[in-house]
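Look for chain A in each of the two complexes below; its partner is chain B in the first and chain C in the second.
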Partner chain A sequence: MKVSFPYMGSTIVYKKLFEFLEHEVIMPPKPTQRTMDLGVKYSPEFACIPLKMVMGTYLEAIEKGAKVLVTSGGHGPCRAGFYGDTHRNILKSLGYDDVELIIFDAPQDNWKAFWRNVQKIRNGVPWPKVINRMYTLYRFVQKLDELEKMVQKIRPYEINKGQTTQVWNEIQEKFDKIKTRKELYKVYEECKKMLLSIPTKEVDEKDKIRVGIVGEIYVVMESSINFGIEEILGNLGVEVERSLYLFEWINDNLVPWALRPKRFKEIIKKGQRYIKILIGGHAVETVGHIIDFKERGFDGIIHLMPFACLPELVTQSLIPKISKEVDIPILSLPIDEQTGKANMLTRIEAFVDLLRNRKKGRTKEVFVNEFQQHADEERVVVV
Partner chain B sequence: MKIAIPHALLYYYYFPLWDTLFRELGFEVVDTGITNKDILDKGSKAAVSDICAPIKIFTGHVIEGLEKADYVFVPRFARIKKPEYFCPKFMGLPDIIEGTVEGSSGRIISPIIHEKNNEDISSPKIYGILTEIFGFSHRELRLALKKAEEVFLRFKSLLHSGLTCDKALESYRTQRWEEDLKRVKKDGEVTIAVLGYVYDVYDSFISMDVIKKLEAMNVNIKTFEMVPTDIAYENLRHYRKRLFWTFSNRVLGAGLFYLKDPEVDGLIHVTAFGCGPDAIVGRFLQYESDIAGKPFTTLRVDEHTGEGHMITRLEAFVDMLKRKKWARVSHGI
Partner chain C sequence: MKSIYIGVDVGSVSTNVVAIDKDVNVLFKTYIRTNGQPIDSVKEGIKQLKESLGNVEVLGVGTTGSGRQLAGAILGADVIKNEITAHATATIHFVPNVRTIFEIGGQDSKIIIIKDQMVVDFAMNTVCAAGTGSFLDHQAERLKIPIEQFGDLALSAKNSVRIAGRCTVFAESDMIAKQQFGFSKAEIIRGLCDALVRNYLNNVGRGKNLEPPFVFQGGVAANKGIKAAFERELKSEIIVPEHFNVMGAIGSAILAKDYIEKTKAKTKFRGFDAADIEFTTSSFECKGCSNRCEVVKVSMEGKVIAMWGDRCGKWTNSL
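Moving on, here comes the complex of A and B:
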């Protein structure tokens, strides 16, 4: 089967998954302006940007010859769970009758459908082999995420600008070629050495700026839609950590509740200080991560959300209150097809300046509030 | 003790229930009144700029209520039918209000409505919070709820017999239940199904009285509340998976029901700018009306929509339907 999938974050992981199951993989191209245009053209106008981008990605993958598209479903109340069906509906009305869209819903919703999907995807590979390979993939994701976290810690202090990003690209290419677990561990050690050999400057602990990125999964994980915010921040000399990594996502969502890591439950508990019940999407986690980042000594938070994202609008409503009570500056950036890079860049630069000044103790609380106010006003004008 | 019920969101559907409940318990109920420019401005200023107009208006009504009463009623709607939910903004409504409206903390009454299958939301479990805060006995609460449920069922039967929500609310206020049934308009030239959530269709500031305008053009109106829940769901059976939001399902189900109804000549989907669930509902309604071959249009409204362009669009749509019907009748098809 010629299989393709939505483009989000470390796509080599998904590619590996289908390669391990002996499918022919049609790699979806990294989203560009063309992807966005295609997606916007055929999607409902008021759908959020992830739906439009994924729509564009599907159409480009189909152009490249994909016959089967695999995606995840959901059971609400966030709209994302219904995207598969909306996409299928659009593809049908565009006349792509020969393209199959396989949607994975949570198994407890419909065991039979889930099992049918699994059998389709398994592609006749014997079970022991599948389990062995899935375990390899699990470790693969873990190692790749560990390296990415290292990259985010090294990039702000590199001496030769752009070197870390270059090494990171090389690492991804190397990981792409991995076939077995033994190989994985070997490549991992090599890559670690590569990263550690990047020359960096010594920065005093009190001059380091750390920013946590929180928000909706697609805009947080996919760099082509958030304008490579991690790289932008890294180049401004800021250490970055996301609230979401693929490995943690797998642990938090695919592992049964009883076996889930304690950290995930703690984050949810922290989030429920402000949002009392789980309201879908990543709203409660976002709030939990904001508090968690503060407790771990981060200096600021950037909150990313698709324009008109339902759960994140609840978070956004709470941000002024949280920012005041938890005492951490938060910059909230809604993203859609109209967002311009220059606008975003200016706001991020101003935010980083604010954080630096605040850390040096030159700013008073008043200034922070003023900044938030300006940010709010600016948003009104821009949108 | 005064309690304010904000005249927004699900007010239009559940007001008779809540009003009776609080009156029976000895509260003085304050209705924050029809949305006006002042309320909208207050709400837009307090709320996040990207949020949809209904939530902004609701925020405005809460601010208004805080000025006029001791407490404001802000229920947290999680689910009234398993396995569905409400829009995440409804689920986090008290949180949104606490985050955006200053001085609301401690003065909003927020029972959690999380029911397996109970559209009447009158089980004592939900309102247990009232006994905790105000010290009512469980018996008092149960009796009040029983009364409230009776009123609500009566209100619902009016809806099912063809009254629109605002007319049924009028009947509730004047207590002239039977007489009002005669007010159902049946002699119009064409029939249009106006589909949309109660807080979009009946808020005179959001939809600018779309129903009254259509009736003035000699049109019979059908809305989703007139279709009983089970019939609406019956029409959704061919979908692989239902939508996640109960009222979206009812709107979509009613839409499909009206598409099959030969009496209905066209559909209008009334939706608020930035409404998430409607981005999906609208897409499905459009797709299904294409297949059924019935005229369909979307009215997307927000706090800036001008009245003139809306009238033009409504007139054009109604004229088209009338002409189509006339052609059909004169050709004897």
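Moving on, here comes the complex of A and C:
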């Protein structure tokens, strides 16, 4: 089957999944302006940006020959659970009757449907093989995420601007070629060395700024829609950690519940201090992660929300309270189809200034110290 | 010969250029309409500065505002800073005990919360509540009242008419409806000022503890109607500083001054000739990878002096 999927984050993982199941993979293109234009044109106006971008991605994948689109559904009251069907209807109305959309909803909602889907994408590959390969993939995701976390810790201190990102791109290419578990571990070690050999400047522990990124999964994971916020922050000398990484998401959502990691449960519990019931999307997790980041000593939080995303709107309305009670600055950024970066940059920069001030407690000193770095960087490297 | 620091704030509606001396006395200020031509307006501002001050020694240059990168590249700025930091810096200088800054410009609205002369929180308009200045301009034009008289007219009204504040589309249709009911222009304008202030405080100031002293600045601070609406809403005095419409530029000049004094660096200022040099901005889509970044290129007489927008740094670092 010619299979494709939504583009979100490190897509080589999904590509591997379908390769392991011996499908012909049609790689969806990284979302661009065209993806957005297509998505916006064919989606309901009041839908949130993830629905539109995914719509655009589907259309581009179909152009490239995809016949089957595989996606995850939703769970709980967020309307994202409804998006698979919306996409299906739109595709139908555009006349793509031969394209199949396979939606993996949360298994506990409908085991039978889940099983039918599994059988479909298993593609007749014998079970032992499937299990073996899925285990490889599981480790694959884990290692890739570990490397990405390293990238986010190295980038702010790199001496040659842009080098970390370049290495990260090379790493992804290397990972793309991996076929077996043995290879995986070997490549992983190589990549780790590559990252560790990037020249960095010494920064005193007390001058380090750490920002946690929380929010709805698509805008948090997909850099083409969030202006590459991790890089922007990295270039401003800030360490970043996201609330969501694929490996953790798999552990939290796909590994059977009995085994649900303790950490995930803790996060939910922390979130429930402010949002008692499940309201869908990642609202409870978002709040839980804000508290968790604070407890782990982070300096600030950037909260990304697709414009008109209800769960994140609920979170946003709680933010002044959380920020005060937990004592951590939080910046909410609504994301929609705008591509003008200027005012987003202003907010992020000012936020980073604020965090540095808070840390040092002296306005003037800090401004001055930072100038050199900023003025030089911004002259040349704006983003 | 006077020694000065230059500050430039390039916003969507106006470009402001100031010169300060080492004691932050404002020696020169100008407020020019950007008219979508930031390069020309920056040049014009620098030219006016030169004409007004004559022979001066420029010790440092700072830029801010949404066009800060571009202005910085053209002038050879020493400091390129976001406008929130710049505004806070200037306000703290003039009103040392300030706690809350309201800054309403052409396109953006901000609230900056200060404690012990330190920015502790800020908010900028999200998708709604943007473009207050531009909206007022537009309404002035529609009602055929010069924008300068807008505030006085609002003050002359005895009653306020309730105008929907939620967003300008609703506000405008509501205003038109109220006009048709026969309310006077003055009443409607006062209602509009109330609505804008209400909307601004609800949207931008959501959940923030607003403590006096309040300082109100940005182009819109010229409007007495808005100032009065703030005072009614907050039941407190609102300070409009003398240089309210160029505070961002002053802030960036102060930042440049601090930087130069601290580092003893020599300024990168290109000189006043910059006003006669031909600068062009162009952009292209980089096809190096699937990111397809839009790369902005600024050229000075054919020579590329700055590039940005590429994620990987391929172009930025090529200079």
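Everything below uses one rule, namely that the second predicted complex is superposed on the first by the 360 of 383 C-alpha atoms of A that agree within 3 Å, B and C clash if a C-alpha of one lies under 4 Å from a C-alpha of the other, contacts with A are read in each partner's own complex, and residues count from 1 in each chain.
Methods note: a contact is a pair of C-beta atoms (placed from the backbone, for glycine too) under 8 Å apart; a residue touches a chain by one contact, two chains touch by 3 or more.
Small disclaimer: the values here were computed from a predicted structure and weren't measured.
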Message: Just to be sure I read the superposition right, which of the two partners does A:85 touch: chain B = first, chain C = second, or both, or neither?
response: first
Field: Which of chain B and chain C A:1 touches, first, second, both or neither
entry: neither
Query: After lining up the shared chain so the two structures overlap, which partner does A:59 touch, if you call chain B first and chain C second: first, second, both or neither?
result: neither
- request: Return first, second, both or neither, reflecting whether A:307 touches chain B, chain C, both chains, or no partner chain.
  value: both
Field: Partner chain in contact with A:47 - chain B first, chain C second, else both or neither
entry: first
- request: Determine, under the contact definition given at the top, whether A:334 touches first (chain B), second (chain C), both, or neither.
  value: both
Message: Between chain B and chain C, whom does A:166 touch in the aligned arrangement: first, second, both, or neither?
response: second
Task: Check whether A:346 is in contact with chain B, with chain C, with both or with neither, and answer first, second, both or neither.
output: second
- request: Identify the partner contact of A:29: answer first if only chain B is touched, second if only chain C is, both if each is, neither if none is.
  value: second
- prompt: chain A residues touched by both chain B and chain C?
  reply: 307, 317, 319-321, 334, 379-380, 383
Query: What does chain B use to touch chain A in their complex?
result: 47-52, 76, 78, 83-89, 91-92, 94-96, 98-100, 112, 114, 239-241, 243-245, 273-280, 282-284, 287, 300
Message: Residue numbers of chain A touching chain B in their complex, please.
response: 44-48, 73, 75-79, 81-82, 85-86, 89-90, 93, 105, 109, 274-277, 279-281, 283, 307-311, 313-314, 316-322, 334, 376, 379-380, 383
- request: Quick one: which bits of chain C touch chain A in the complex? Just the residue numbers, please.
  value: 66-69, 72-73, 77-85, 89, 92, 108, 117-122, 124, 126-127, 206-208, 255, 258-259, 262-263, 289-292, 294, 306, 308-314, 316-317, 319
Chain C partner contacts - residues on chain A that touch it in the complex: 29-30, 32-33, 161-162, 165-166, 169, 224, 228, 231, 307, 317, 319-321, 329, 332, 334, 336, 339, 341-343, 345-347, 349-351, 353-354, 357-358, 361-364, 367-368, 371-372, 374-375, 378-383
